[in-house]
């Protein structure tokens, strides 16, 4: 029982994770580029023109993956926070703070691309629809996390406070999603409801999946890179940092 | 009996102290000394269980404090830099409520006696806002007179007190030690306590 | 192949502003984030190197 | 339990002592609600239509505004340290403070709401539902708010950061609360909304004190 | 004049130091504006109708919320005493602080408002008028707010009392500001409203610093 | 030269003192003494022009202070109980901004020298929030080292300072008096200043 656990904790120490992250991120970056190239090829050259929405629908190939990633990353942050609170590992706090900016970025991109899609399709940049609203709130939750952790100087305290925020926030995400949905159905009336894309052609599905994979790999690569910087900032007085090859010269 | 072994404290990227061992037995006092910023306040907060130590362990009656927290806190009286006084409440109300919150309610007569003894006669019912610096400190110190805590941890209790009040406080501390109490305190002023005592100098 | 010419490609059937606005901003955002992260890492490393060098000097 | 009562009494005493504190929270609520007819114009039909939303948003802001004094003063003058050192569990003391906050900043809003609702020409039935929804919702606001107040304790730029953290968490309460009144006005029945609000309250009562306590311990370190 | 620049710089520095302070005031504005559709419902026509009022009320609340940090911190830590003892006239120093407040809490609102207006489906013409009205109105909010902040300094229950004092004084700004946008949307022309707002601003610029100074001297006694 | 005649101070329904006469000439110091709550802080604030006296008048260089307020303030340095330190600014920033606000901007080099002399070497750039009690007081006291004020009014300047710092501060005060400055201060600790001095005991 104890043996595998100990191995896990070995990698959970910043000193051993730092070089590991250094080895891993280029692979994920390469994968991200490859998937993005394939995904973009399908989105622009393979997928046929939509008979209803014309070429405008091609926004779907980044809009949907970005939306997925924004929600997924928040869950991953909450996961790391739970680990951090449960096992008191230093690395987990660093991981969630490394993920937050990327998550916020995808939430923003989801809103941005959605707005650019909505204008030609619905004639409005924004409507107060369930999905749109809960995505907006998700962005606020990210920003709250980032602002709070940035406002606390002591990184250990910042991690713990951030962990509480992301856990409370993650309980709230499904609650928000469903509450906004029900709220909306009560006033269907004049509001424009989201037009479902026509049954998805297989090529479109592939394009979206590839782009989603690309974003996913990108997120991992950036988070690993950022966590390396965070580790260096926080551990700068540890002896292992002084002994790193890149610190010589 | 409070014992600590190998305590270390890190603030920012500065190691304030490390390898601090100390023990205080019933009837003993310990004065923590050191220059401004040496880490006295930090050490006292660690001993009281308010902030975690970077290294080392603390034992109360032979048991790690972490395991019997409530038990330890029931026997502890900690007064920090901030006097924990509500500006809007009177001295009397401040004393009574702070005692009740720490689980040892006080009746009015006892509280009044304590306030008079500490030199606040005639000021018991003024809102603390208008009290002078030294009078505010006295309100906080009045808690010493009305609890059964065994261990007192006092951070600069003599600050802002006039000469008479310093003597009086020394008397109170002596009494506590005479009753078999334990005392840890800091002070930049030279004070003469009776009984069995020790000094701990914090240096870099 | 959906496009007859490059200009058709850029026009996106009249939706050029919206499609390229989305793809362009996304690409720019991801690129900027990457650059910022690299800068953050580089800055930290430079700072640490300087500190370590100073330490070594003061020891000698 | 004694300590719970002691802290509740102390906080109520402090609120009374700052004589006008309870009244001013109320006035804030009142003024914000009255600003809308001024900003929007006097059409009765329009005002009736937006009344539940406006009243709920104003209640939410009034409750939020009073949050930063929930722990900040105690933190600054050292009382919070004393609470953490009390043999009573901190979560219990925290609950006492939250209850006091609700009694001084939440309950008065519930009682005043119908009067303000009249200004917007709401029916008496809608007023009843409004009160009920606020009665269930305002304790939730205090509970969630306490987490935010504890997290932003001693943090630079606390006040505004607090609203950033707390307002998104308030949204479900707002939606179900205002939704209940609107549903009733549309003849759809408010039961569903109100029971969801109740469920959220139960959840909050259970989890919020622990999260708050954890956050306070972090602030004290 | 040097001291004026010094205090302006110091306050801006403090705002920067609390890194996210400016941003969070903005976010507050943004979130409050977004709360209304949540409370009221998503109908575009209705939302467009209430948009000017909602945006102005939210701007007013955001400006007001940041008021209590205008003098309170300086009072508590003794900086205000030092300001009163400075050979530079206190009114000049106060103007510096007010300008810093507007730059950090007012100007950002002006810049963000059009984006939020889009969410309410306002026309680009209406958005322009909205920005103009806020540009004239927010400095007025800072000036009036400073008087209130000085008056409630060190007074029990200050925070809420402040809003009680200040919000009624904000009402003219609200009426002319929101009125300008509504008049324009109704095709009546916004000129009259805007020039009244400008006149109020001139009045405020002239009198507010003196009133604030007097109030500060009282608080210091 | 600062002179006061027949000063009286009333707080609530209490008359703290009345008929206080004092004068401080260049090269002189005056220590105000008295028990906690005797009214020392109240007297100093009245002299600095922060609160009005119930009775009596104050003259600066032979002129009533009320008539030449800005002139008086340009020559005055007052440090009260509260250190006037912004928690979010560093020691250096605090010193520079407070000097600039009182109309005497400081360049960085002078400010740094003052901070080092007052014993904050290596702490110049930490946010003041994390400084210890005594270090915060030192940041405030650093202002003494970089102004040309003739009259210093210091309320309990020795509080929270360690022994070394107390000596250093005494040295700074001596220097000021030696240069022909004037000094009014309070302290519950016994301090030895050189030069021409007097004590004023406030009693009921």
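Order of writing sets the labels: A, B, C, D, E and F. Residues in every chain begin at 1.
By our rule, a residue touches a chain if its C-beta (ideal position, glycine included) is under 8 Å from a C-beta of that chain, and two chains touch if they have at least 3 such contacts.
Everything numeric in this text was worked out from a predicted model, so none of it was measured.
Taking the definition of touch as given, a chain qualifies here only if it contacts chain C and chain D alike; those chains are A. When chain pairs are compared by their number of contacting C-beta pairs, D-E comes first. Each chain gets a centre from the mean of its Cα atoms; for chain A and chain D, those two points are 32 Å apart. The distance from the centre of chain E to the centre of chain F, each centre being the mean of the chain's C-alpha atoms, comes to 37 Å. Remark: chain B and chain E have CA centroids separated by 45 Å (rounded to whole angstrom).
Shared contact sites, meaning residues of chain B that touch two or more other chains, fall at 12, 81, 88. Not a single residue position of chain C touches two or more of the other chains. Across the assembly, chain A contributes residues 140, 143, 147, 151, 154, 180, 183, 186-187, 236 that each touch 2 or more other chains. Chain contact summary for the complex, chain D toward chain A: residues 147, 151-152, 155-158, 161, 164-165, 167-169, 171-172, 175-176, 179, 182-183, 186, 188, 192, 196, 200, 207, 211, 214-215, 218-219, 221. Across the interface of their complex, chain B is touched by residues 2-3, 6-7, 9-10, 13-14, 17-18, 73, 76-79, 81-89, 93, 220-221 of chain D.
Chain E meets chain D in the complex at residues 17-21, 24-25, 27-28, 31-32, 35-36, 38-41, 46, 49-50, 52-54, 56-57, 60-61, 65-66, 68-69, 156-157, 159-161, 163-164, 167-168, 171, 174-175, 178, 182. Interface of chain F with chain B (complex): residues 11-12, 34-38, 41, 81, 119, 123, 126, 130-135, 138, 156, 159-166, 188-189. Listing the residues of chain A that touch chain D in their complex gives 85, 137, 140-141, 143-144, 147-148, 151-152, 154, 156-157, 160-161, 164-165, 167-169, 171-172, 175-176, 179-180, 182-183, 186-187.
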